[in-house]
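Heads up, the next two complexes both have subunit A, just with different partners, subunit B and then subunit C.
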Partner chain A sequence: MSRKSLIGLLPVAAVLLIPLLTQSPYLLHMFILSLLWIVLGQSWNLLGGYTGQISYGHAAFFGVGAYTTGIMVKSGQSPSTAWWGLLLGGLAAAVVAAFIGWVCFRLRGSYFSLSVLALSEVLRLVAVNWNRLTNGAEGILFIPAFTQKTYYYYIVFALAAVNLGVIRWVMRSKPGYYFLAIREDQDCAESLGIDTTKYKLLSLLISAFFTGAAGAFYMNYMGFIDPGIVFSIPDISIMMILVTMLGGAATKWGPAVGAILFILVSEIFRVWVGSGHLLFFGVLIIAIIIYFPNGIVGTLTDRWARKRRLQGAEAAA
Partner chain B sequence: MTALLELKDVTKRFGGLQAVGHMTFSLNKGEILGLIGPNGAGKTTIFNLINGFYPPTGGTIFFKGKKIDGLKPHTVCRLGLARTFQVVKPLARLSVLDNVMVSAFSRTNHREEARKTALEATTFTEMDAWRDVPAGSLPLGMRKRLEMARALATKPEVLLLDENFAGLNPTEVEKTNAIVKKIHETGITILIIEHNMRVIMAISHRLICINYGEKIAEGTPQEVANNPQVVEAYLGAAHA
Partner chain C sequence: MSPQVAGQLELLGQVLISGILLGGLYSLIGLGMSLIMGVMKIINLAHGELMMVAMYITFWAFTLAMIDPYVSLLIVFPLMFLLGVSVQKFLLTPVMEADTVLPQNQVLLTVGLGLVLSNLALLLFTANYRSVPVSYASKTIYWDLKLGGQTISLSFSYPFLLAFGIAGVLGASLFLFLAKTDTGRMIRATAQDKRAAALMGINTKRITYITFGLGAALVGAAGALLDPVYYLYPQIGGPFTNKAFVITILGGLGDIPGAVLGGLVLGLAESLGSVYISLGYKDAFGFIIFVLVLIFMPRGLLGRGRA
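Presenting the complex of A and B:
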């Protein structure tokens, strides 16, 4: 392993040790939420940032994942089967994604963006009205399997690590190159031998799978969901976009930075200002976009690269 | 002589406008066939039909004896037919090398192999010094060159070149001329659209001239250049 990748592992190792340093449920809760949002940001980023397919409705996949676990437990499974609930939630979300992608990706433009938004609303209404399966608007409540937050911390950590690993691996291989080509120019991509419909679908499937798994984790962890929470357009769909943009779309660490900042800021506002933190978060986003047009990570890397080029030119002169 | 590519009675209409009408010709293995005609004659549309961007309104297109009209561009590319774009389409935020790697992946799933092909293709088109530059910040001459490098990296049997000389300065024209000849020497069959008469007369084995979507002359460069209808088409266009 190269020195660079070893250094890259350092923050990962540090995060792994956090539960040994603090047993505070409050702090652990913050870390768990941050990791959850890292998964959500990274998943949206794969499809929106790298593949250029903007989704306004990723809550559809989050909600399907959450309800898959919720319905499992409601129909008699023990909450301690949470582990494979993540896999099942991801798969259920991927099935829904396969359907919407298959319908929309033949067409160009905003068909997909808007259809997936509509889909998430349809699914919310289904969840509200299909009482027997979902308990309707009342939601699903159960006692989570573990009382120790540490367990959840390691589960969501594993999910985030696998998510990051898979995305890094994909982006370094053929599909990753194809995703970027599709983002840059679909006609060109087609003429260079890329089945654009197929690869857009692949990107969506991976993205939806992890979003669904995150939803399933959310259900396991919180022990309560209702349609308004997990299919929320502002709190899930839009927030996934903002988190990614804030940190930097199409960057490796952008979504993680965005997620941590999001949790930090909303917590500060929740404690000091009370409700309305979404509004403040929106204002923060606008401020950051003015100073960091490509997100925090994106803009800083650009500046750094430019500075290095200038120094290189000076050294050469 | 075997025809690699054959158009039979191909027609394309956009609404009321007939962009290509009853086009029939074949491209023989190993040749360089030039396609000329005034602006708006339908040359690029012919490429878009062959390459699969548009289905023809009528007629059939064969590649290596297989009917290819109706196939998607990515399938046509994999069959061994590559093209360049008159209006260049760089993958702007990717480096030159990554641009070419994308197309090299059409023949392999392995990154190292794609990289090797891309390195070869950029060397072949003399773009070595530009490999790390984002394609979006290339000067026009290099963008045109990138089009060729990318097409080559798909390892085609037939290459369609759409005005790769347009907008180049005389030095660049010479360079591109040499590269096209070198491509031909590797055994690739070429169909080329070009406005620069000096270039196309020298490089083509045969020429086809089209006007208003219809073929008006076909033959050796000399025959076509001396054809009264061709002279008329060009002068007519110049006078208009």
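Presenting the complex of A and C:
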């Protein structure tokens, strides 16, 4: 392993040690939420950032994952089955994604984005109205398996690590290059013999699987969901996009930076201002789009690269 | 005709009437969106939030100064026009020029704007549901039809009828404006081909300001008209943004008469669906029609929009 990748592992090791340093439930809760949003941001980034298919409806997958776990527990499973619950939530989300992809990948650009949003809203309405399965608008409530937050911390940490690893691996292998080709020019990719529908679907399935697993984790951890929370367009779908854009779409660490900033900012403003704490987040988004059009990580990397090139040119001259 | 059949007919007539009246308001919302989509080629995901702002202006004009919602249109229209122009001038235009990985930064900017507007309203006016209690809110006009020996009695809600009429006048004025005035022609030219329009000496930047202003003013008018018959709260924008893009796609992108048809179709679909299929799924019908139209008739119901 090269020195560079060893240095890259240092922050990961540090994050692993956090529960040993603090037992404060509040701090751990913040870290758990950050890690959860890192998973969500990274998953959206695979489809939106790398493959260029902007989805406004990822809450569909989050909600399906959460409800899979919720319905499982409600029908008699113990919540301590959190482990394979995540897997099952992810798989259920991937099945739904296969259908949504089958319908929506006939469309491109904004039409794709909006049709995913529409189907996600339809799923929310199903969750509200299919009382026997989902308990309707009342939602599902159960007592989480562990009282210690440390367990959840490590579960979501593992999820985030696997997620990051899988995405890195995919992006380094052939499908990853196909994804980038599709983002840059779909017609061109098609003419070079790439089955664009197949690879867009692959990207969506991976993205949806991890989003669903994150949803299942959310249900396990919070112990309560209702359709308005997990299928929420503004609170889940849009926030996944904003987290990614904030850090930088199509960058390795962008979603993580965005997620941590998002949790930090919304927490500070929730404490200070109370209601309407998303106001500042909206302002932040507008500012980021105007001043950091490729996100914090993306824009800074661009600037450094340009500076280095300039310095190189000067040295050569 | 048996009384049962007459009763069924009465229900159907009533459902159709309420669908069309609601559809008139939806058309007004869709017109603004379609105009913006046609010229700027972006989806304005803050469209519903702009309507929410107009609804609060109308609400406060009524509560503080007893200005009738229909009269306050005269305030709402110019105010919303100015708001729209500022949004385009100071937020969207600067972003248009930036070089980015993803082409949808402007759309995401409207998402941010929507968040700002709805949360500002939440901070300033709290999450309480409010309404504009005009004296004629529940006034109804009846129309009795004699059909095959039975009397079918249909009712028209007075504020809805008034709103429908005003929406019609506004829509017709927009057609005339686009068809007959120089500015209207410039807007159409810019929507058709921005570069060619610029080469013909049209200040396309100014046209985008005017277009967004008009779009905001139209949806603002819809908000003012909706106030006497609906309630308002800070988060009301989201569902209406969804309706707005559904209407626009139904009509065909950038197709102005199509947007009117799209509004009426959505109004009818919601009204018929909630009575004959299921009230709980009322909002789903629009989305399902939307996805079907996108796949099978991507140029809109009239087949004239841009695919």
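Everything below uses one rule, namely that the second predicted complex is superposed on the first by the 313 of 317 C-alpha atoms of A that agree within 3 Å, B and C clash if a C-alpha of one lies under 4 Å from a C-alpha of the other, contacts with A are read in each partner's own complex, and residues count from 1 in each chain.
To be clear about the criterion, a residue touches a chain if its C-beta (ideal position, glycine included) is under 8 Å from a C-beta of that chain, and two chains touch if they have at least 3 such contacts.
Computed from a prediction, not measured in an experiment: that's the story for all the values here.
Annotation: superposed three-chain arrangement on subunit A; subunit B versus subunit C shows no clash, the two fitting side by side. In the superposed model, A:Leu192 makes contact with subunit B only, not with subunit C. Remark: in the superposition on chain A the angle formed at subunit A by the CA centres of subunit B and subunit C amounts to 80 degrees, rounded in steps of 10. Set side by side, subunit B and subunit C differ in how many residues of subunit A they touch, and the one touching more is C. Once the two complexes are laid over each other on the shared chain, residue contacts for A:Tyr178 go to subunit B alone; subunit C is not touched. Legend: residue contacts after superposition of the two complexes on their common chain; A:Ser266 is shown touching neither subunit B nor subunit C. Within the superposed three-chain model, A:Ser34 lies out of touch with both subunit B and subunit C [touch as defined at top].
After superposing both complexes on chain A, the closest C-alpha pair between subunit B and subunit C lies 8 Å apart. Interface residues of subunit A facing subunit C in the complex, by the touch rule stated above, are 48-49, 52, 54, 103-104, 106-107, 109-111, 113-115, 117-119, 121-122, 125-126, 128-129, 233-234, 238, 241-242, 245, 249-250, 273, 275-279, 281-286, 289-290, 293-294, 298.
Subunit B contributes residues 51-53, 72-75, 77-78, 82-83, 85, 89-94, 98, 101-103, 105-106, 109, 111, 114, 150, 154 to its touches with subunit A in the complex. Considering their complex, residues 172-174, 177-178, 180-181, 184-185, 187-196 of subunit A touch subunit B.
The touching residues of subunit C, when paired with subunit A in their complex, are 42-43, 91, 94-95, 98-105, 107-109, 111-116, 118-120, 122-123, 126-127, 238, 242, 245-246, 249, 278, 280-281, 283-284, 287-288, 290-291, 294-295, 298.
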